[in-house]
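Shared between the two complexes below is chain A, which pairs with chain B and chain C, respectively.
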Partner chain A sequence: MLEYALLAGLVFGLYFSLVGLGLNLVFGVMRIVNLAHGDFLMLGAFGAFWLFNLIHLNPIATVFLALILFTALGVPLYYLLVPRLLRAKDPEMLSIILFFGLSQVIEALATIVFGPSERSIPGRVLGSGPVQVLGQSFPAAWLASGVASALAVLGVYLYLYRTRLGYLTRAVMVNREEALATGIDVHRVSAIAFGVGLALAAIAGVFAPFMLGSVTPAMGVDLNIQSFVVIVIGSLGNPLGTVLGGIVYGVSLMFMQTYFSSWANLLPYVLLILILLVRPSGLLGRQVRRA
Partner chain B sequence: MPRALRHTLLVVLPVTLAAALLPLGYSNQLLLFNFVVFLTLAQGVNVIYGFTGYLPFGYVGFFGAGAYGFSLSVIHLHMAPLGALGVGALAAILLGLLLTPLLRLSGAYFAIANLAAALAVYQVVSNPNLTEITKGPYGISLSGVYHPQLSYAVAVAIMSATLSLAVYLRNSRFGLALQAIREDAVSAAMAGINVVRARTLAWLLSALVAGLIGGAFAWYVSVFYPDTVFSADFSIFAIVFALFGGVATATGPVLGVLILYGIYNAIGISTPQYFQLIYGLLIMGLVLFLPNGLVSLLKRRGIDVP
Partner chain C sequence: MYQSIFRRIAVNAAAALSAAAFAASVWGAGSPAEIKIGTLYASSGNFAAISMPVHYGLKLWVDQMNAEGGVYVKPYNKKIPIKLIAYDDQSNTATAATLYNQLITQDKVDILVADSGSVLTSVAVPIARDHKMLLIDQTGTGAAFFSKDNLYIVLMSDPVSSIWPKYIADFLTTDGVKLGIKRIALLYSTNDFTGTQANAVRGFIKAANAPVEIVYDQGVPTNTTSYTVIINNISAANPDAVIALGYPNNDISYLRNLQDSGVKYKWQFAIYPGLETEHLEKTVGAKGLEYVYTYTPSSVLEYKAEFGMSLPQFRAAWNKKYGEGKVSFGFNSVAGYTTGLVLQKALAGTESMDQLALRKAIFALSGKLKTIDGSFELDETGAQIGEITPLGQIVPDGKGGLKFVVVYPHDVATGKPVYPAK
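Up next, the complex of A and B:
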């Protein structure tokens, strides 16, 4: 029981790191809250579902397709929404409302196009039968999703720490004004980070049918909360801290589901409130409290 | 004529009279009741968001607490509806007090934490383990106290009181103090405003409003499930309606409810996804082009909006 909860928690933790990663990247670079994050994840999930059903495309291939498509979608979307938003008096607050509006638009369009019913992809697509790890057996799809998430996180690490663009992106994260003053094209760097953030959400979405069960157009709201828990536990504005948050969240979720299953749904909410109240500056690394 | 009196005559009186008299000539009382509920909730959001700047994404938590406070005291304590309404209000205020530490969070963090709090309350109330106490996910039935006329009248009274509260905040030193805190808490404290007390009071007032109307809602519909009264739609609609009309005025939220909830009833019930699409686009356009709502169009021309 204990080993199972721990190992499953680790796998889910890696997956939840990926779920939160895009949100944290966008927040870190632009200091705005993308409340439509969960809805981009949903779009990724539906993309994987339809491509699998129509042309039997393996979800792994969909990952690469999602990376390209959503980055390409994110860049114009950034120029459409964000520069105007950042000129407002309180961009962080207004971003919640703006992206809430966007999430409603996406959810409505997805309902119109896909219908409100639940969709799922059979788990055997990502490998057959249960796999034995340290004497515990897990569905192969879980392990495949966990490995893919780890690879995606590694990809973000390489992007941020091993490329010139990543170097500029980190400069914008540290201080937007100073980055601008040193001649960095802040909008271009931010637009790409925004696109990558959306693409990460969509990639997490591709694995959602295997990790989270069936998908519906309305799944976004709940995922937003979970993503928030993950990135708040880790470190808000620091994308790689998300991995820590994801693993803490995944392991505690599995423990709750194993030992107090009927109360497990309460965990993300309580965890989020407690962390915001108890360790707001320590864990987040920036002032979030007033007075 | 003093400004507060003029505002009362211009806003509170006509809206209250319309809500009170329309059922005599119009048969769909449920629709009117829903309008009354949203007029109240939008003003409740106005109190905390419009005047104080805290965005209550989980405002429905108070509404649900009021509904359950009302219902459980009728079921378990066999209280009369008006007394039970008091218990509902008390439940909302207690929840508000429990959540006051959230006011220390700023901006986005408050909104997210408040949303999480409302969802946590919902998870507790609807948990099957508590079926003995809360009836869990199986819902509430209050057929014994069902009284549409009286509960409608009570809801109109609550709405009228809430509108008066908004007019009071619009015209009083206390309302001005709250707006000063919204603009800059530190400067407000320097000017001698007790920031913590003022914002806590505004928070509890808006919780009280939602709790009262939540109790009236439970009384009026008398059969409901936890996901009815904890539906995120209540928070979101109330916020969008208030923002659309323009917050920190008494007129704005009323306009927002009349226009948007009117549209919702015209197209939203049969095809909710199209309404969702329209209001999503409206919200985005609003934030980008008209962040202060419809009334800012009038205010720009120097018209004093109540």
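Up next, the complex of A and C:
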């Protein structure tokens, strides 16, 4: 049971890295809290569900569509909302209020369009039957989702550390004012990062029916909490710290389910309190400050 | 003489006119323009999937009544239109508590109807009691809601949770033993609805004194969405039968994870494959429901309704009104409609609109009312003890679809259980 929980936790953790990644990227670049992150994830999930039901589009193909569409959606949304926010005295606090409102609007619209009930995509779409890993049997859809999450994380790494745009993005993350002073088009860089953040949420959403069993328009709130835990554990503002946060969260959750299943829903809050008490900057907090 | 006759006629006429005027003031001016029924529903959140069908079922009844000129109310001896005041609690208990208070104190509803399910009903129970309002509990079946000293609750449409699993336990401790079932795993979500059922299962099994043991007994939070590790843990206990008690989101995730993991238990029970078959078939897939044991719901059994629409008629009315399919037809839609039927009968029989008179009128129906939900029967605490659902098994129908086979109790069984599951 121990080995199974550990391996399942790693797969689940990879997925939760993807869930939190976009939120952390947006916070890291803009220092705003996108409380509608979970709702963009939900939109990605319903997009995959809708396309699968309508034209039997494989969710893997939906990933690429989500990447393009949500990045394209994010850029104008950034220019509509964020520059105004950043001019405010306390943009972090205001962003919480603004994106909470946006979250409510998205959830309400999704409920009107899709109805309140759970929806899902058959697991066989991502591979049939269980797959053996180190002597343990896992659903193929889980592994496919885990691999896709790992690839998405790798993609973000390459974007941040191997492209010119990534260098500029990291410069903005370190100090927005200094980046502006050196002539970087901060808004352009931030708008693209915002779009990528939304796209990452939507891509995580595409795999949600397989990892979470089903999706509903109301799922965003729970996922926001889990995303926060993941990024606070890893380090707020450090996208790659999210991977560590996700894995810690995933493994802890599976151990809780194995040994204290009734208490498993307390885990996010307990982890959040623990990390804030013991290491408020997150497990990789110091590294990000020196980046 | 003529004068005396005219005087007597005049006096009698005046008396008759006064009496008529008095009667008019009692029967006419005293009758309200509408009967206000206040209720909550959850259009979003964790309980939307069980709340909306119940709400839509109740709304269908209200619309039908209003199309006929209203509901007959005995104290006013006339039909009065119904005004349904419904607020969205978004599956949030704190919001629900505020809105229940609003319905009672601001809207001053004549009848207070709870939202669906035990979680959203739980907050209404003390509020209704404090305000001495009879809580029309639609599907909140937690046993803790009902006590002899609380006169202000009555359960309409589902049996109280403590008796739901009786036939599961009876089957496992009798027929199951003969089939070779000795080891039982019990997995449940930690809420009133399924927690009470889990307690009941333990109690029934213990009382049966049969040669079966519970080898796995774990609760999980109601918002659990991943069961792969839990399934692995259950398998490690090597059970012959697995009872999974959860809400729809739990059942969907559990059955999907079970299917995707390639695990097949010899005997598997889950609640919602029976209660919301269409919904589960869409989300889990027909394959994932094959050979699963479940409650056989009123939406399948077709009880002979002595009051209200028959099941096919209700189904047709539902499809006509809500044809878009966003809210699934099933057990919960029947429950909402049944609430309306019980209220209709109670309003036609109550002596006054006083809450305790209404309670008396509803209790008077116990054992005498048969709807598409089965026999309406209450115990002294207001808990529903009729409408018990038999144990069924979902099996392939040979045409690519699924069908229900009632396997227990024997007097209503329509077939034999397939054990072990194929």
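Just so it is clear, the second predicted complex is superposed on the first by the 280 of 291 C-alpha atoms of A that agree within 3 Å, B and C clash if a C-alpha of one lies under 4 Å from a C-alpha of the other, contacts with A are read in each partner's own complex, and residues count from 1 in each chain.
The working rule: a residue touches a chain if its C-beta (ideal position, glycine included) is under 8 Å from a C-beta of that chain, and two chains touch if they have at least 3 such contacts.
Here the structure is a predicted model, which is why all the values come from computation and not from measurement.
S.K.: In the superposed model built on chain A, check whether chain B and chain C fit or clash.
M.R.: Superposition result for chain B and chain C: clash.
S.K.: Output check: A:Gly123 vs chain B and chain C. Expected answer is one of first, second, both, neither. What do you get?
M.R.: second
S.K.: Mind working out whether A:Thr258 is in touch with chain B, chain C, both or neither, as first, second, both or neither?
M.R.: second
S.K.: Give one of first, second, both or neither to describe whether A:Met211 is in contact with chain B, with chain C, with both, or with none.
M.R.: A:Met211 contacts chain C only, not chain B.
S.K.: In the overlay, answer first, second, both or neither for which of chain B and chain C A:Leu276 touches.
M.R.: first
S.K.: Name the contact category of A:Phe12: first (chain B only), second (chain C only), both, or neither.
M.R.: second
S.K.: Taking the superposition as given, does A:Phe138 touch the first partner, chain B, the second, chain C, both, or neither?
M.R.: In the superposition, A:Phe138 touches chain C alone.
S.K.: Tell me which partner A:Pro83 touches in the superposition: chain B (first), chain C (second), both or neither.
M.R.: Touch status of A:Pro83: no partner.
S.K.: Let me test your reading of the model: by the given contact rule, A:Glu107 touches which partner, first (chain B), second (chain C), both or neither?
M.R.: Touch status of A:Glu107: both partners.
S.K.: Thinking of the overlay built on chain A, is A:Ile96 touched by chain B (first), by chain C (second), by both, or by neither?
M.R.: first
S.K.: Which segment, 8-16, 26-34 or 116-124, is the chain B region that clashes with chain C in the superposed model?
M.R.: 26-34
S.K.: Do chain B and chain C land on any of the same chain A residues, and which?
M.R.: The overlap between the chain B and chain C interfaces on chain A comprises residues 107-108, 111, 262, 265.
S.K.: Chain A touches which residues of chain B in the complex?
M.R.: 53, 55, 57, 101-109, 111-113, 115-117, 119-120, 123-124, 127-129, 185, 189, 195-196, 232, 236, 239, 243, 273-274, 276-277, 279-284, 286-288, 291
S.K.: In the complex of these two chains, what residues of chain C are touching chain A?
M.R.: Within the complex, chain C contacts chain A at residues 42-46, 48-49, 51-52, 90-91, 190, 218-221, 223-230, 232-233, 236, 248-249, 252-254, 256-257, 259-262, 279, 282-285, 325-328.
S.K.: Please output the residues of chain A touching chain C within their complex, sorted ascending.
M.R.: Those residues of chain A that touch chain C are 1, 4-5, 8, 12, 107-108, 111, 114-120, 122-123, 129-130, 136-142, 210-214, 216-218, 222, 253-254, 257-258, 261-262, 264-265.
S.K.: Any idea which chain A residues touch chain B in the complex?
M.R.: 33, 81, 84-85, 88, 90, 92-98, 100-109, 111-112, 221, 225, 228, 262-263, 265-266, 268-270, 272-273, 276-277, 280, 288-291
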